[in-house]
Amino acid sequence: MEVELIFKISLVIVMFAISLGIAAYATYGERKFAAWFQDRMGPSNAGPWGLLQPLADGGKMFFKEDFIPAASEKFLFILAPCIAMLTALMTSAVIPWTTDVVVMGQILSVQVADLDIGILYVLGFVSIGVYGIMIGGWSSNNKYSLMGAVRASSQMISYELAMGLSLLAIIIMTGSLGLREIVDGQTGSFLGFLPNWNVFKQPLGFLLFLICAFAETNRAPFDLPECETELVGGYHTEYSSMKLGFFLFAEYINMFISSAVIATVYFGGYHFPYLNRMISDPNMLAAAGFAVFFAKIFFFIFLYMWVRWTLPRFRYDQLMHLGWKTLIPIAVLNLLLTGAVMILKDYI
Amino acid sequence: MTEVLKHVSIDYYIYLSTILFCIGVMGVLIRRNAIIVLMCVELMLNSVNLLFAAFSAYRGDANGQLFVFFIMVVAAAEVAVGLAILVMMYRNTKSVDVSLLDKLKH
Amino acid sequence: MVAIIILAFFGVILLFAGIFDMRKSIMPIGVLAILMALVFTLQDIDGLFNDYTNMFLFDTFARAFTVVCLVSTLLIFLLGGEFLKDDIHHKGDKYALMLFALCGAITMLSAQNLLMIFLGIEILSIPLYILAGSQKDDMHSNEAGMKYFLMGAFATGILLFGMAMIYGATGQIQLSAIWTNVIADSYNHNLMNVGIIMLIVAFCFKISAAPFHFWSPDVYDGTPTLFTSFMATVVKTAAFATFFKLFLTCFTEIGGQWTTIIAVIAALSMVLANVTAIYQRSFKRMMAYSSISHAGYLLLALISLNFKEGQSAILLYLAAYSMATIAAFTVFTMIQQQTGRSDFEVFNGLGKRKRLLAVTMTIAMLSLAGIPLTAGFFGKYYLFSIAIHQYMPLVIIAILNSAISIYYYFRVIVAMWFKESEHHAISLETSPIYSMVAIVTSMAIIVIGILPSIVIELFW
Amino acid sequence: MSEILTYILGGISIATALLVVFSKNPVHSVLYLILTFFSIAGQYILLNAQFLFIVQVIVYSGAIMVLFLFVLMLLNLNKDTEPQKENMFKLMGVVAGGLLLVSIVGMLKGIGHINLPENPDSQIGMVKNLGLVLFSDYVVPFELSSILFLSGMVGAVLIGKKESTDIN
Amino acid sequence: MQSLTNRSKIVSNKKMTFSESIYLVAILKGMFITIQHFFKKKVTLDYPKMKKPVVANYRGQHILKRDDQGAERCTACGLCAVACPAEAITMVAAERKKGEENLYREEKYASMYEINMLRCIFCGLCEEACPKEAIFLTDMIVSPDQQRDKFIYGKDILVEKMEKRYDTSKRQKHLLEK
Amino acid sequence: MGIILLLLPLLFSLFLFGIKGKTAKTIALLGSLITLGFNLFLLSIWKQNEAYDFYENYTWIHDLGINFCIGVDGLTMVMLLLTNILTPIIILSSFNNIEKPYQNSFYALILLMQFGLNGVFMSLDGILFYMFWEITLIPIWFICAIWGGENRIKVTLKFFIYTFFGSLFMLLGLIYLYLHTPDHSFHYDALYAAQLDGPGMLFVYGSFFLAFAIKMPIFPFHTWQPDTYTTSPTQGTMLLSGIMLKMGIYGVMRWMMPMTPEAWAHVGHWFVILAIIGIVYASLIAIRQHNIKRLFAYSSIAHVGMIGAGLFTLQADAWQGATIQMLAHGINIVGLFYVADIIEKRLKTNDLKVMGGIAKVAPKLAVLFMVIMLGSVAVPLTNGFPGEFLLLKGIFSYHPIAGAIAGTSIILCAVYMLRVYQLSMFGETNDLTKNFEDVSTLEFTVLCILAIMVLVLGFYPNLIFEISATSVSNILMHSIAQ
């Protein structure tokens, strides 16, 4: 019991640290990759290859003047970035990071909480995340911010539906909401030559989920709430200093978590073909799984950036059109197909 | 998790829900902003939900929790419709004041 | 259940018909849907759904009131063809919403537990909130929608609180199980009392009985007339029948505890509504108060604590009331559409200009007033005769009120026959559908008025 | 431990509920209501009703309240535009609500014996359990709620959509 | 309207096929393009640390030459100002006083000589116009600054420092070749 | 057979609703005459000794024990005769009157009324009785409210609500009785057999009384009557006073007294007192009246009060007298109102004070008026006499003081009637009356028929007694508590 508790607490701390670290380096990565996609060099001055850039940025954030507009709702103005950060960090609680490890003779699962409701928890906290943006936008008392907030909320609500529907297909297939079960259902091979990842069984669902994940994290091409060209930064127009930093951090953490969820749900999480046959030691296997998992996560973070620098931003009506008239019907169709296949499988 | 059931009496939940329900009713009565009135109705529904959930947990009977589930389902639909009506009203009157709803009396 | 499936299915079809701009065919499709539902309601094929009887039982009770609702809706649909002919965008939607509301009504009527009752009420109410406010550019309609919605939501809250208390008291949501608990006296009395009172309040909101009636005149007045007639008939029928069923299935044994409350509510509804109705200047408001007073009369059936006789009584009463209300609204809709007014003066001289309409309206008013040889008489007769055992003074109050009600019902008749028309210039055109509905309803009123047993013997 | 938590959550929910009613600024009301909902969600967890907890979070906090906030922001309502009832009416409302409370509590006073089982099944609030019941016994209401949603959707569109003719 | 060039394309509003309308192919194409750029050689330089090599006849910041004795060559004839298409050059002429022979080569010199670097287009016409071979364009880059008036270079910047003479022979050679 | 008597006027009525033009009144007259003929035919084949002849009983609404049950006994036969004789006369009297549009509806309504009245008198089932009772109300209301004088809408609505209110109580009483019947039936016999406890009995008795007292009307319930009689068109007033009020009396005899005989002992006396107060009160007011129609209206209250008083005494003589007086009063009051109508139409006023000397210019009218008036005053050898005499005798044997007070009504009646006659017929002609035209052929015919009936029944009242005596005493037997 003791060991487990300590392990869980340290896991929480480690995961927080990793989340923050990844978020920090994602900002660096974003700039670097942006440069590379645009045939540029990217940050290179701070440290070797500019690797210390996030630290410099952080320092700058800290030391900039902290400005609170006079007509704002002060308390909420401060609360908003905190909510954004908090919800972003809390989402990672149900993600299984790797296989069980053995510490002092005890088998421990590397997952903060294996809740019964599993993936619904993710959905729930993602949907709460919007409050940070909304409150921030509203309390700034700035029309651009308000518009950003309004856009954010409508966008989040709209895309949550399709997201939930596409996840439902997975839930039907797996028969469980627990992320651990979903991951562990993806071992083995599919059709003989492919790894048994959900993405191959649910390509359409994956695509839908991916699009929705972009929208939920307010990433391009769905970054309407904060689009600089139209709204001068949207909900965080009035923010400066570390409060702005929190908003930006939250976005990157969200990106990290959603990549983790995508990897977990569709790409077999910490599984990789033949990995568990090659490594027998559980702790080594866990380490390898961890690495595999993070490799997948990094790929998706990279994908986020890749897409950002490829696709232009949607117009607001296009966004809604896509969400309601395209994604949701397709998601329903996907769900129906999945259900039909599941039923047919029982008969065959 | 179940230690609550052993240490806390069901009466506590009954009274808590009743108080919340009455606060909701009070809100419906004293507020003029239609949105707040609607929110207070939601508060009422939530107190009912809590009551159902508590009874359900104490009895170990799933019916109550499913009832709550359906209440939530209905509440969602109701809010959507209600807010649509509200926005429509706002378009015409530029206000959400319930006490302006007296045109028909004349 | 089959009826619900058919109605829901056709509702969706109507939505598509609306999208693809098949405005001409919307009304026929709706009518077809209801006719099919009627056929399947009268045929007993619900054995298919026997697995779900703990939720849902389409017994004769449900079937009987479903038929009343369906027939009312059918007539309203026929009127709608004319009423909504200028509605380019949403005709299909409105028809579909009425069908969905009808599904809710049937759900309520055939519900076997509290959850289904709740769900039915909501499925019935939500489309109606919208229909009430469906005339978007009209302030009155907006107001009606808003008021109806707020009141409905509030009442839902109270209803649920009551249900929660009942659940707490008995641990059951199944009507039959609650009944068993009540019989065995194995329930918590305090919770039960709160629950019953809350349920009474909530249902009185829904059937608009005094003192929870204050919303209904405004709502009736502001709602587009077609939907007012839907509210006044289908909603009333379903809500009241459910109220009756819930209370007389579960709480008959402890009737002594709540019939007094119901009696007070009934007396209040009758007195307040009838007296207020006299002072109304708008026909629709008058009809609203009339509907409140009829709710008062109907409550007599609950007091009787007699399920078997009570169900026949309210069936007959509601059928009579629905027919008369639809007949009245048919005539009124036609006049209102062409004159744009809703006061009593529009009826002036109608007897000379449009005999058929005037006669229909007269029959409707006579029926609502409860004059013999119209359906309303036997409705009242049944109610009085089952309640007379229990609450004689209440029946006397009811009788006094029937006499008062003559005054305002006859205002319409007086205006039509005895007053000279102010505007001869406006020539009223009667569309054949309106005439048809008028004839059908007045025939129905008279036939039921002469042979009430055909309604009852259809089911029992 | 958890009983204290229960009481704390109860206190929070009552306090925030009162703040919902008495806040002058509608946005604050919404935010307080969100807090109330969260505290109720917390109670669900303590009652081991995990499914309800997450549905509460997703539906109420995540969808319904966002919708409220969204509408408030869309209509740009704040303290200045907030209609206030006269104090007299407010007082009457408070008194009425108080009376309701007193009368209900009075009726409940000394809630007698409630037939509760000794060891209730603590697993009933789990998703799996509820799901099984939902899709066996409750499949009819489940299907019927689709009609509810459909009509709600159609209605919201019907009401909320601006007609093309409205422009003039 | 007839287009002046025939490069303009006719906008086509043709209905998209289904596969086009879901944009998936287009998106993938786009992503392929971007990823190609990702791995391309970067076109930018780490500028202050690394500089791009310039061509031999690169025309950068001007310089006013002195002769080997250190006297300014410019006689303020004004031909450069006349030749300048951007009218970037202004000057004020002055008489050489006694004892200034070591400073100015001829009797007349420019007491003020300014080039507005924001106007200058670095065409090199001043260089060609100069009869005294006093003004040259070098391969120096005009350094950036934050205020506009800092870009009006006076003699203090333009005139060659004797301790740090600038070799213009490469350009001269080139000029001579021409 | 009885059904045919019901259907004849109904069919004619429905037919008349459909047609347009001037033929309507002829058809209406024809219809009523055919009905009368059929009624006389029934009379000829009617078997006196059987309780109910032409008895027909069909189940109507089985669940509720409601039957379609009709039959004719002596009392009913008298009432039918009254109805069916007066209807053609009333129709005939209207030939020159109705000029407003839709004549056909007017006649259709009268025939509908006749249908209802026949039904009331023939029905032997509680609910059937109640239904016909209400059916009569609708046409008369329409007649009065469409063709009436000023203020007609308000007055007639008052009338309607008043009587409807009363009849609802009757319904309540019927339902109450029904619930106590052994075999749950509304049949007349079953209702007779109902066993009631004390309060229930009084309730039934009281509720019936309310309905019938309003209809008749008896003293405190009479307030609707004078206004209605004055405002209604003459034919409406004739129908109301000539036939409709007899419904109340008939109801008391057939439905009220025999149902709960024991209740009489408790409250019957109060009803007698009420009726007698009514007699004196109405007579005194009548003396003070200048409006001729209003005066006749009050006289009607007085006469009906007398009948009521007689009935509530439960004396055999009084009941027999009441039967014949019903017929006589019907004939007389129709005649009186017709005369009032003739005068009003010519003088355009109802005010007695401005009249005078009409006898000089219109002798025929004067004579006929005299005959009818004497009938009303109950001079011997007119139809009023046997009835009044028997009634008074009955009341007197019930209680001498009551008899004495009731007896004053004869004197008072003579006073106001002669006053009317004097003020209108005698004296000098004035500007208003000097051009008074004597009666036209039509009017003469109508008045003649009435006058002849006054005299015939006065000379030979046994014509009626023979028909009614047995059944009236049968009913009375039921009405007296064992």
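We call the chains A, B, C, D, E and F, going by the order they appear; numbering starts again at 1 in every chain.
Here is the rule we go by: a contact is a pair of C-beta atoms (placed from the backbone, for glycine too) under 8 Å apart; a residue touches a chain by one contact, two chains touch by 3 or more.
Bear in mind that the values here come from a model prediction, so they are computed numbers and not experimental data.
Asks: Touching chain B and chain D alike: which chains?
Replies: C
Asks: Show me the overlap between the contact partners of chain E and those of chain F.
Replies: The common neighbours do not exist; no chain touches both.
Asks: Comparing chain centres built from Cα atoms against the global Cα centre, which chain wins on proximity?
Replies: C
Asks: Which chain lies the greatest distance away from chain F when centres are computed from Cα atoms alone?
Replies: E
Asks: Sort out for me whether C-D or A-D is joined by the greater number of C-beta contact pairs.
Replies: C-D
Asks: What is the distance in Å between the mean C-alpha positions of chain A and chain F?
Replies: Each chain's C-alpha centroid was found; their separation is 94 Å.
Asks: Centre to centre, by mean C-alpha position, how many angstrom separate chain D and chain E?
Replies: Inter-chain centre distance comes to 71 Å.
Asks: Just the number, please: Cα centre separation of chain B and chain C in whole Å.
Replies: Chain B and chain C have C-alpha centres separated by 27 Å.
Asks: Roughly how far is chain C from chain F, going centre to centre by Cα mean, in whole Å?
Replies: Here the centre of chain F sits 42 Å away from the centre of chain C.
Asks: Would you mind listing the residues of chain B that make contact with two or more other chains?
Replies: Chain B, residues with two or more chain partners: 10, 14, 21, 24-25, 38, 59, 61, 63, 66, 70, 74, 77-78, 81, 84-86, 88, 98.
Asks: Identify all positions of chain C at which a residue touches two or more other chains, and write them in rising order.
Replies: In chain C, the residues touching two or more other chains are 115, 119, 122, 126, 129-130, 133, 136-137, 145, 168, 171, 191.
Asks: Using the touch definition from the top, which residues of chain D touch two or more other chains?
Replies: 51, 55, 63, 67, 74, 104, 108, 111, 114, 138, 141, 145, 148, 151-152, 155-157, 159
Asks: Counting only chain pairs that touch, give me the topology of the graph as line, ring, star, complete or other.
Replies: other
Asks: Where do chains touch, given as pairs?
Replies: Every touching chain pair, ordered by label, is A-D, A-E, B-C, B-D, C-D, C-F.
Asks: Touching residues of chain D toward chain B in the complex: what are they?
Replies: It is residues 1-3, 6-7, 10, 13-14, 17-18, 20-21, 26, 29-30, 33, 36-37, 40, 43-49, 51-52, 55-56, 59-60, 63-64, 67-68, 71-72, 74-75, 77, 81-85, 89-90, 92-94, 96-98, 100-101, 104-105, 108, 111, 114, 116-117, 119-122, 124-125, 129-130, 133-134, 138, 141, 145, 148-149, 151-153, 155-157, 159-160, 162 of chain D that touch chain B.
Asks: If you look only at chain A, which of its residues touch chain E in the complex?
Replies: Those residues of chain A that touch chain E are 33, 35-41, 44, 306-307, 309-311.
Asks: Residues of chain E touching chain A in their complex?
Replies: It is residues 27, 30-31, 33-35, 37-46 of chain E that touch chain A.
Asks: What does chain C use to touch chain F in their complex?
Replies: 312, 352, 366, 371-373, 377-378, 381-382, 384-385, 388-389, 392, 395-396, 399-400, 402-404, 406-407, 410, 414, 417-419, 451-453, 456-457
Asks: Under the touch definition given earlier, write down the residues of chain C that touch chain B in their complex.
Replies: Against chain B, chain C makes touches at 114-115, 118-119, 122, 126, 129-130, 133, 136-137, 139-140, 142-147, 149-150, 153-154, 156-158, 160-161, 163-165, 167-168, 171-173, 191, 217-218, 221-222.
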